[in-house]
Amino acid sequence: MSLLEVRQLTAGYGPVEVLHGIDLDVEQGEMVVILGANGAGKTTTMRAVSGMIPRSGSVMFDGVDITKTNAEKLVGMGIAHVPQGRGTFPDLTVLDNLRVGAYSRSADISGDIERWFEVFPRLAERRDQRAGSLSGGEQQMLAIARALMSHPKLLLCDEPSLGLAPLITQEVFEVLKKLNNDEGLSVLLVEQNANLALKVAKRVYLLETGSVVASGPAAEIASDDAIRKAYLGA
Amino acid sequence: MWKIHEGSARHWMIRLLGVAVLAFVVVWIPTQMSSSRIGQVTDAFILMIAAMSLNLVLGFTGQISIGHSAFFGVGGYTAAILIKDHGWSPGYTFYVAAVVAFVVGCVVALPALRIRGIYLALVTLAVAVLFPTLVRWKKLAWLTEGSMGIDSVRYEDVPVWPILGELKGREGRAVFMFWLGLIIVIVTYLVCRGIVKSRFGRALVAIRDNETAAAVMGVNLTTTKVLVFGVSAALCALAGVLSTLKSGVITPDGQYVTLLGSIVFLLVMIVGGAGTLWGPIVGGLVYVLLDNTTRDIGTNDSGILGTLFGWADQSPATLILGLVLVIIMFAAPYGLVGLAKRLSRKVVVVIPRPAGTAKPS
Amino acid sequence: MERFFQYLFDGLSLGSIYALLALGLVVVFRGTGHLNFAQGEMAMICTFVVWQFNDWGIPLVVSIILGMIVGFALGAGVEATIIRGVAKKSQAGVFVVSIALFLGLNSLAAMVWGNLPPEQLPGLFPDEPDDFQRIFGAVWRYEYIGVLAVALLLMGLLFLLFAKTKFGLAMRAVASNPESARLAGIPTGIVLASSWGIAGAMGALSGTLWGGIVGELNAGLMFTVFIYASAAATLGGFDSPGGAVVAGLAIGVGEQFLAGYFPGWIGQEMKLSAALLTIFVVLLIKPSGLFGSTKVERV
């Protein structure tokens, strides 16, 4: 049984249907990436999985049907979502951002905070600074750290490279890779930068106008000439 | 569903039918209704004019104003002072009131160049609060007659219109005010329509939708915002003049001179449909209708409503008005005209002319 | 000097009431981005509720606490049932609904308590003619001292709630980024309803304090206070609770000075206008208030 099992997922905004029946799986400890052009429905998929928008079809998480569960509850069940364009709280300090991340838990969190400060030393230096005053890369790291504060089993990460310099992007991806390898954290990633994503991900879904048009192991997709030409721009 | 092409014979038939019905109603009201009913329709006209003027600023340009009651007051006071103290004929006071209000409006618009959103809302609210206090101020009493207000504004030169019977006495005055109101409603509508459909109107909508983009596209924000505020204030002053002429009185506590007036104008505009030409007109009618039907509830102890509200110390009219407003906002969040458009689209669809084939204007 | 201290002290005391109501406006605005026009009327009706409880024989302090609970329930209920539904559809609709609430609550108060003899709300503090202390030559009435103390105490508690509790953290998070707050597992619906509730409870207290000073209750009780409070929220910056408090106190003091030192030109009847004009000028220099952030431009 997969950790996340999505079947025939349809969702959209108001009367407009964006996703037309998507099947998608994420295994325990797996890093999966969703690729696709602008407007293919990548972000919508993420938002539908985490319950931010109304959806139909079936979404199973850890053996539980979560199709009808709303976003606020999913965090407690183990899904953390880092939305596109930095999911930080700009008016709150770095420390408070992390505290908000642990809102769904009642345990002592000071150990966790220290731990993420070790992983992201730059955040530690700025712990009392407003998140809005951080650089783009720092904000992205804060958003990820904030999401991890809830001890998720699955991390949804929506275009972490958006608006970041290549070097910073590298850094963010290395952290994700490390979490995936060392901690066994399952990750579902949406990414525009296909070459980078294919290097870290195990499996790939290719989205086109709201439907999955291809899927398979990252290595296979990366070596498929037709797909490379059509989607990966190389 | 019925599809028709814009500009086709059928489309013109529908338009013609609409105009005919409208014309019938407009003639039927002053000739067949009691003079108090006619007066209520004139009240609706006054609201329509004020709401249309507000619509220009808020509905089309996106600049909030809770200060239009002040422009209304400027108009009303200008007319009262000119007629009573200087013996002017009422007709000319419209022009002077419009000019005075235009200047005041342009001055009030200056902060709008820097201040936006909720802060602008509060600045204009301050204008609405300031106006009645200024009028009441003892240092200005020589002009405004202080908190007593100006009453018995009389004028005798009511013209004789033979087709409509003699315009004499109370009934005659009611009919006269009706026609005068209607004329100003039409003038205001045409001015608004002319502005909205013009190049200037497109600049307004551009400012509403995205100010930065509008500036980049070459819209001069300063002149546009100040001008539209001035024109809006001038139109609103016409409503004020009309109100003074109708009642012969204007006081700082007058119905639409205080902050409450601004609020009513906003309600009328939003309930009718902000950003639509017909919204304020529909809103004005509905508001006056609502106001007059709810006013008597509970005061006479009969019927269901009587038993329901007989215990109350005061009439529940305003409470019911509030409830109806909430219901309207749930059912028609974009106003009654918005709702009507949505519903009528299920019956009739007007297919617009393909681009480029429109007649040159 | 004696006059100076008198105006200063009276101003602080009245200003603390404006600040309380302004804080309610700011809490609501930060949470949902709406200007609650009914804030003053909610406070007014809660003041009548306090009076009613007290009239039934319940001690005044208990009545006030009950009134604040009613205020909380009223605010939270209104947000959850009416505001949220309309806000989903149109922002202009929220404006109309808050006006409708304003009209409805005002009418309701007049319906229920309209024909009673002028309601006397007993002051919370001794207010006999000789209940005062002279400090720096100024008359410090116990009632005014009490109002200032109670208002400052409640504001202090509120700031503790914001800064030190998990719920306060959640409120700040929702104000900063509602979408990410949901993703972090914060029940945003409850937080927003509570913001309105807190505003309602603070309104109840400000109404009762003001009613105690005025001595007579009627449906128009809070109208002027609401104008002062919205002026305070504007001057302080609509997303800054600290700004609302500072501005509320400043407006209270400022109007006393203006009215006191210029009795001929400004005096009692023009002090509100003079205060508003001053704010007008301040806004021209700082368009988003003294302590507000510039991002607040929506209505």
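When the chains are written out, they are named A, B and C in that same order, and each has its own residue count from 1.
The criterion applied here is as follows: a residue touches a chain if its C-beta (ideal position, glycine included) is under 8 Å from a C-beta of that chain, and two chains touch if they have at least 3 such contacts.
Quick caveat, the model's predicted, so the values are computed rather than measured.
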{"item": "Touch-based graph of the chains, sorted into line, ring, star, complete or other", "value": "line"}
{"item": "Core chain by centroid distance, with centroids computed from Cα atoms only", "value": "C"}
{"item": "Intercentroid distance (Cα basis), subunit B paired with subunit A, Å", "value": "52"}
{"item": "Geometric centre distance via CA averages, subunit C-subunit A, whole Å", "value": "43"}
{"item": "Distance between the centres, which are taken as Cα means, of subunit C and subunit B, whole angstrom", "value": "32"}
{"item": "Overlap residues in subunit B, where contacts from two or more other chains coincide", "value": "none"}
{"item": "Interface residues, subunit C side, partner subunit B - complex", "value": "29, 35, 37, 82, 85-86, 89-90, 92-93, 95-97, 99-104, 106-108, 110-116, 227, 230-231, 233-234, 238, 265, 269-270, 272-273, 276-277, 279-280, 283-284, 287-289, 296-299"}
{"item": "Subunit C contact footprint on subunit B (complex, rising order)", "value": "64, 111, 114-119, 121-123, 125-126, 129-130, 133-134, 136-139, 263, 266-267, 270-271, 274, 309, 312-319, 321-323, 325-326, 328-330, 333-334"}
{"item": "For the subunit A and subunit C complex, residues of the former touching the latter", "value": "50, 52, 71-76, 80-81, 83, 87-92, 96, 99-101, 103-104, 143, 146-147, 150"}
{"item": "Contact footprint of subunit A on subunit C as seen in their complex", "value": "166, 169-170, 172-173, 175-177, 179-188, 293"}
